[in-house]
Amino acid sequence: MAEKKGIKIATIGGGSSYTPELMEGFIKRYDELPIREIWLVDIEAGREKLEIVGKMAQRMWDASPYDVKVHLTLNREEALKDADFVTTQFRVGLLEARIKDERIPAYYGMVGQETNGAGGMFKAFRTIPVILEIVEDMKRLCPNAWLVNFANPSGMVTEAVVRYGKWDKVIGLCNVPVMAMMTEPKLLEVEKEDLIYKFAGLNHFHWHKVADKDGNDITLKLIDKLYEGDAGLPKNIWDLPFYKEQLVQMQMVPCGYHRYYYREEEMLQHAMEEYKTIGTRAQQVKQTETELFELYKDPNLSHKPEQLEQRGGAYYSDAACETIASIYANKETQIVVSTKNNGAVPDLPADCVVEVTAYVGAQGARNVAFGSLPTAERGWLQVMKNMELLTIEAAITGDYGTALQAFTLNPLVRSGDTAIRILKELLIAHKEYLPQFAETIAKLEREGIEVQDEIARELCKEKITV
Amino acid sequence: MAEKKGIKIATIGGGSSYTPELMEGFIKRYDELPIREIWLVDIEAGREKLEIVGKMAQRMWDASPYDVKVHLTLNREEALKDADFVTTQFRVGLLEARIKDERIPAYYGMVGQETNGAGGMFKAFRTIPVILEIVEDMKRLCPNAWLVNFANPSGMVTEAVVRYGKWDKVIGLCNVPVMAMMTEPKLLEVEKEDLIYKFAGLNHFHWHKVADKDGNDITLKLIDKLYEGDAGLPKNIWDLPFYKEQLVQMQMVPCGYHRYYYREEEMLQHAMEEYKTIGTRAQQVKQTETELFELYKDPNLSHKPEQLEQRGGAYYSDAACETIASIYANKETQIVVSTKNNGAVPDLPADCVVEVTAYVGAQGARNVAFGSLPTAERGWLQVMKNMELLTIEAAITGDYGTALQAFTLNPLVRSGDTAIRILKELLIAHKEYLPQFAETIAKLEREGIEVQDEIARELCKEKITV
Amino acid sequence: MAEKKGIKIATIGGGSSYTPELMEGFIKRYDELPIREIWLVDIEAGREKLEIVGKMAQRMWDASPYDVKVHLTLNREEALKDADFVTTQFRVGLLEARIKDERIPAYYGMVGQETNGAGGMFKAFRTIPVILEIVEDMKRLCPNAWLVNFANPSGMVTEAVVRYGKWDKVIGLCNVPVMAMMTEPKLLEVEKEDLIYKFAGLNHFHWHKVADKDGNDITLKLIDKLYEGDAGLPKNIWDLPFYKEQLVQMQMVPCGYHRYYYREEEMLQHAMEEYKTIGTRAQQVKQTETELFELYKDPNLSHKPEQLEQRGGAYYSDAACETIASIYANKETQIVVSTKNNGAVPDLPADCVVEVTAYVGAQGARNVAFGSLPTAERGWLQVMKNMELLTIEAAITGDYGTALQAFTLNPLVRSGDTAIRILKELLIAHKEYLPQFAETIAKLEREGIEVQDEIARELCKEKITV
Amino acid sequence: MAEKKGIKIATIGGGSSYTPELMEGFIKRYDELPIREIWLVDIEAGREKLEIVGKMAQRMWDASPYDVKVHLTLNREEALKDADFVTTQFRVGLLEARIKDERIPAYYGMVGQETNGAGGMFKAFRTIPVILEIVEDMKRLCPNAWLVNFANPSGMVTEAVVRYGKWDKVIGLCNVPVMAMMTEPKLLEVEKEDLIYKFAGLNHFHWHKVADKDGNDITLKLIDKLYEGDAGLPKNIWDLPFYKEQLVQMQMVPCGYHRYYYREEEMLQHAMEEYKTIGTRAQQVKQTETELFELYKDPNLSHKPEQLEQRGGAYYSDAACETIASIYANKETQIVVSTKNNGAVPDLPADCVVEVTAYVGAQGARNVAFGSLPTAERGWLQVMKNMELLTIEAAITGDYGTALQAFTLNPLVRSGDTAIRILKELLIAHKEYLPQFAETIAKLEREGIEVQDEIARELCKEKITV
């Protein structure tokens, strides 16, 4: 590898507000990960952000003891050329697209969410064609590089890279397990090092078990702790509690996103309230982002600002840095990653992508074999993985029937005419980013389908420029 | 087998309004199925119905050229003793229980249905303990008999018999495929004999493909036919059309019950309208039943009345008679049955129960291996089968957490507090038939949970006597 | 299909001594299978045989009431053009090649057999490239035809057609199950119609179970019958008895070829005796063939001579005719065929080829799902199927390492230097028919590898002309 | 666990010559594995050895800085009571039994080997009933203990513990991978730490791949190195080279025992030469053992003598100590272990035992998911695992037919009358240790079956006393 000349990192979507966290992670690990140069690449529409965050990134390195050059470019090929690691954190259509993903379903009383339900599927439709282009570029320009993806929906994106891109040197990341492993030790009043974790499932849809350092499974004890305190509500990261009897039955702890599936009613209610009042999550995030970029403009700022943690997705970039360092230095760190199953989750095919605890080293992820899951979780996993596979297939073929089948199979989409309407409006709304669906979209336009949510409709009219 | 002395049939739930159809089917097939005696068995609450329908049954035989004695009894053991075939068509809690299954979810805006959603799960909770008792009786009293089940939910009941009853000589029946194979040839303007059918899936959740007599798959042609006619609506058995693009993508024809999953929104709307106006399906059926039993009382009636066909479930009993005759005479008739998979549906474990085309003969069902299903259908099958397995487990253990997991996994139950409320009310409402849940029910009673739907609540107060 | 104009049959390897049996089968079934024309195609080396047997075939039809024309050709394309059914019964390299397959291993004390051990693998190496050429021709010339293969090794040939030829309209045939179903009823003193058979496994490597007409499994009774009589030896088709305890444990009846695996020692001894005295099986068959062709020359002979039955492989052609008639007339006849698994044998992948009981009709084979096999048989099946897959891969790639792996995995090849020697001599001996291995063979020639068995060596020198 | 009071180790078969190596391993790791007491337990026949080696063991501890008491006992229950770790290294019937396992097959020209072929199966027949007794004792006496097994055949013993003993806290060990990971870095001229290993398969039947510290697979490079040097022979641990083309095809390195399967002919020849001259391996080992025990008697010896390494099985005990320390201190050390699959080898059922690279910690083995193996290796694995399962079943039921099926499936047993003879003689020879086969053995005795190999026959007459 790049031992002598130092490491080259290329970051696609380099203008992201997360970039400073990524820089901080690299600076912290410089001793084991001797970076020579970082290339932040973005598209024309992201030029301004790229410049702001790029300068900020260079300031961070300049304030460090290390001599690392941060290059800014709109030319992806230049950035990828001879890269050792490629990280992907782009969002096709920016936050504006996510706002549409959230508001158009919500207008019709359905869940709009970044990676779940109808919204998550459209994020996949937009992102997968782009990641496959990047993979093709990598085959030409940096065939030995590792791709570390945290573009969402991270599991489906990683699956597309492996299955259709035929690129195995990829690891998909998620900050959700990181958060669990940070908060739960406190609840149990032990150190993180004193717990043994085992995760299995899919990205944003995994469960975990935990044991103490003597190897005794203490998942039920953890579940008890989650429900201690006033009013029977858990005092922990979950805003909305799971039903305790359900967790006791499964003897595992679900991830936060399982609330959409285990308490669909309340999650939807909450989303509808936000939709009608303060705006959906992306709208809130957009505000935070604007503030962040204002901060980043400050020529005296040379460290990651605290506000970034409120952005959501905290520790995502740190997980990426740790993954890269583990691969580079063959550290065999335990990380929860999206990766080819290889049997670790025997209830799913050995060649699909899952999210599991793995020891990450120079060969990538060495997945810990979890063993078969209990009946309920097996059912969930199988329906979700097949929904993912259909979504990816639709993202590639642009076939309307396949998209409809994926929609129908998705547990968060209530099938019927309203779902069809949402599907059609989202196709129209994201027209610019869905060339694979061009024929269908043209037909819908002839039929006069229009986005009904006012904010989303206005966004469709704008020429997106950040 | 019973060659010399003639066949003994025992029918559990013999007081059912279907019994005359069963008699008609036996009379029609007497030449290949020489019955000696039929035992109709029912419970005390069904005594009156049993007597009415039993006399009617005897009159039907008396009007035939055959000398067959119809015995009526409340003593199940007496009926099972040395039986050659046992048919099960009982409904625990009678139509009153089904009314509760339908109305309690509907009160809260959720699907209440005989075999689907929350209602179907409670039907399983009530039925499975009873079928397992019957199987234990059979092991003692008629260990060589075949069990032909059409008590619903037929697939789950059959699975319970095989998995927990450890009884392999069982076939579960469904009239839905029969209906498809009767109506589709007309649409295609051919004879039934000119079509080759292949079904696979689960009970009330299967798909089929069809070929012409030269072996060419004509499923897409059939799909086209289903949508011919005015206003783009199919002129066929489906009241509500499937989305054509979806059927074209799967290149299979779903069963009628798939409408609950593929057009959940509209099916729910329709159910809510009925709930608020003419009453749910069971209420309508109850009216038909009352009329039927009035007819049956007529001492001059000695043939199946036409009104029976409106009862729903037509041809169910005929399928049962054909199955029995095929087993008895090793006819190898093609029948769609619920039976141990044995690999016929490779996407599900080889030891679970599926519903497939089989050649039925003296050894029971010889399933036609269907091969792997496409992605979408695989996802649906896997989630539904795991939901069934959880439901059956809850039916046996009476564990509340398992019931909750089954509820949550069921695609027709929207998870959350309302679902929990429905679960609790149904437990209370069916208290009498759910001894396995006694502890949970007692706790709910202490908490003061009460059924809110007025009609269902009144039914809970009545001492059920038919 | 060919309803109006009558059916066109193309038979590749038409000069085979089996052709009269095939004609007889067609004549017998003319009413349900109205053939218009038959094309017998062979290669230059088989021209003389083709003419003899072709004239004989035409005489058979002329002596029948039916007006069918038998065409003889060396031009395969002409024969395939618009064919409705293609049957393949060719043997690449003729009986001379089989003699080498048998004698070269035998020279070194190893099993040489037509379809088993080293010989069977080389038959696959020679046959698979040719069958794939035929499939490519069929795609162009008769894309709607069915391929009915009885070229050996029939299972591997069928697997190659499905897996690499991507041609699903194929059925592989075997006369072994036919023989079992003809002789066993006599042993049991019942009619064939009174037994229910279920076969599963691979070609020349299957097991079966049998039940009486009441559905009672009587396999153990049949096993008892197989061992009745003097000296504890079975008086049945098996020359060498299986160990009874083994059959009782498996509760199935193996096929005759299992003797090579279950009594390897004695089968080898017997083969060695023949090798040293009367010559191997192919040498014996060659004599029979010469006599047969003498008979066929008789211009007065217009029916299949009795001597053909001693040829071995009797009823093969009859099975082929029955298969074709069943497909043509959608008869749903129970036939044991090599066909895509589709789950029928759940211990093997759903997409590989197995040999199972199937109902054969216009869509081809509808496999009866057998369910999981017991431990021992599962182990055998899995090793044999993987050996087949390796053999096929080597047949296509010509990779020496893959051939060596296949040899090593084959239970009848004792690994080591002698096996390597046999592998190398067989490559040299069949040079003419193994273009895919040209590079390896050239290297072996440079190394001076020579066939040691004298008879085989002489055959290598001859220009094969029949 | 035993933190405060120190650890109690119970070693079944404590009189083994390996015990000093075990002691050395514990002494070396005392800092991380604070042992309080060690119980060496043996049977009456091993009393003398136990005393010799027990004293030696105590001397070793006395010479160390640690205060550890070595208890000697013939009372297994006393030893197991409250143990933290139980190690099993017993050999039922001692080396005398192994001599019979080797000589009886060899008399008839077949492979007799400790863990392979007929011998290995009889070792399983003798060992499995005993290990299951031990497990039952553990359930009563030390239900929280870990069982660390290195009694051979280690894989089958571990499988029996998991499958029939229903005991999951077990790890089976093998020194073969340890040896590979010690010698190969030297060949490649790197440090062990610079290589990344991945093993998968079964005990004494696994393969591995190796990568450099940058993650590049260098297995082909290693294969090249194995064949460097004079005469094309590998200068490494293998006495007999594998065929290089085979290794190149599989792109993996087999374990040493694979020579029995990949070069059966030569391995057998070599065994026959030894049999006819210097005696089989067990006879040689017995000589070494006698010498070792002479050394152990020396009251001045307080460290493991060098001669022990020639004993074979070197590093076995060290692997055991490392495993125990890793469990105790949750070290997550990479060790190759026999353990429940959990999907790590997707070609075998998730619930069977495999041998794979695992990270060993307080919860036992966290298997690295290897992914599907190539065709040839998949075939081998599946036949061997099913052979193991049959052998274990026969070991428990004592069913002769099952034993015969296992023999027949075993690739190293050539089926036929000679195999039957060997099976029968081994049953007779091991009568004392095979109560489960008592009925069959009595029958064989009545038939007058006698062991033909003179040395083995003499051993049968002796009252074994060590």
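Letters A, B, C and D mark the chains in the order given here, with residues in each chain numbered from 1 onward.
Here is the rule we use: a contact is a pair of C-beta atoms (placed from the backbone, for glycine too) under 8 Å apart; a residue touches a chain by one contact, two chains touch by 3 or more.
Bear in mind the structure is a predicted one, so any value in this text is a computation, not a measurement.
Any chain bridging subunit A and subunit D, meaning touching each of them, is missing here; the list is empty.
Chain centre most remote from that of subunit B: D (centre = mean of CA atoms).
Averaged Cα coordinates give subunit B a centre that lies 55 Å from the centre of subunit D. Computed from the mean C-alpha positions, the centre of subunit A lies at a distance of 44 Å from the centre of subunit B. In whole angstrom, the spacing between the mean C-alpha positions of subunit B and subunit C is 46. For subunit C, the set of residues that touch two or more other chains is empty.
Contacts between chains, counted with the stated touch criterion, involve the pairs A-B, A-D, B-C, C-D.
Within the complex formed with subunit C, the subunit B residues making contact are 1, 196, 198, 211-215, 217, 327, 330, 340-346, 350-351, 357, 359, 361-364, 366-372. Listing the residues of subunit D that touch subunit C in their complex gives 243, 245-246, 248-250, 261-267, 375-376, 378-380, 382-383, 385-387, 389-390, 393, 399-402, 404-406, 408-409, 411, 414-420.
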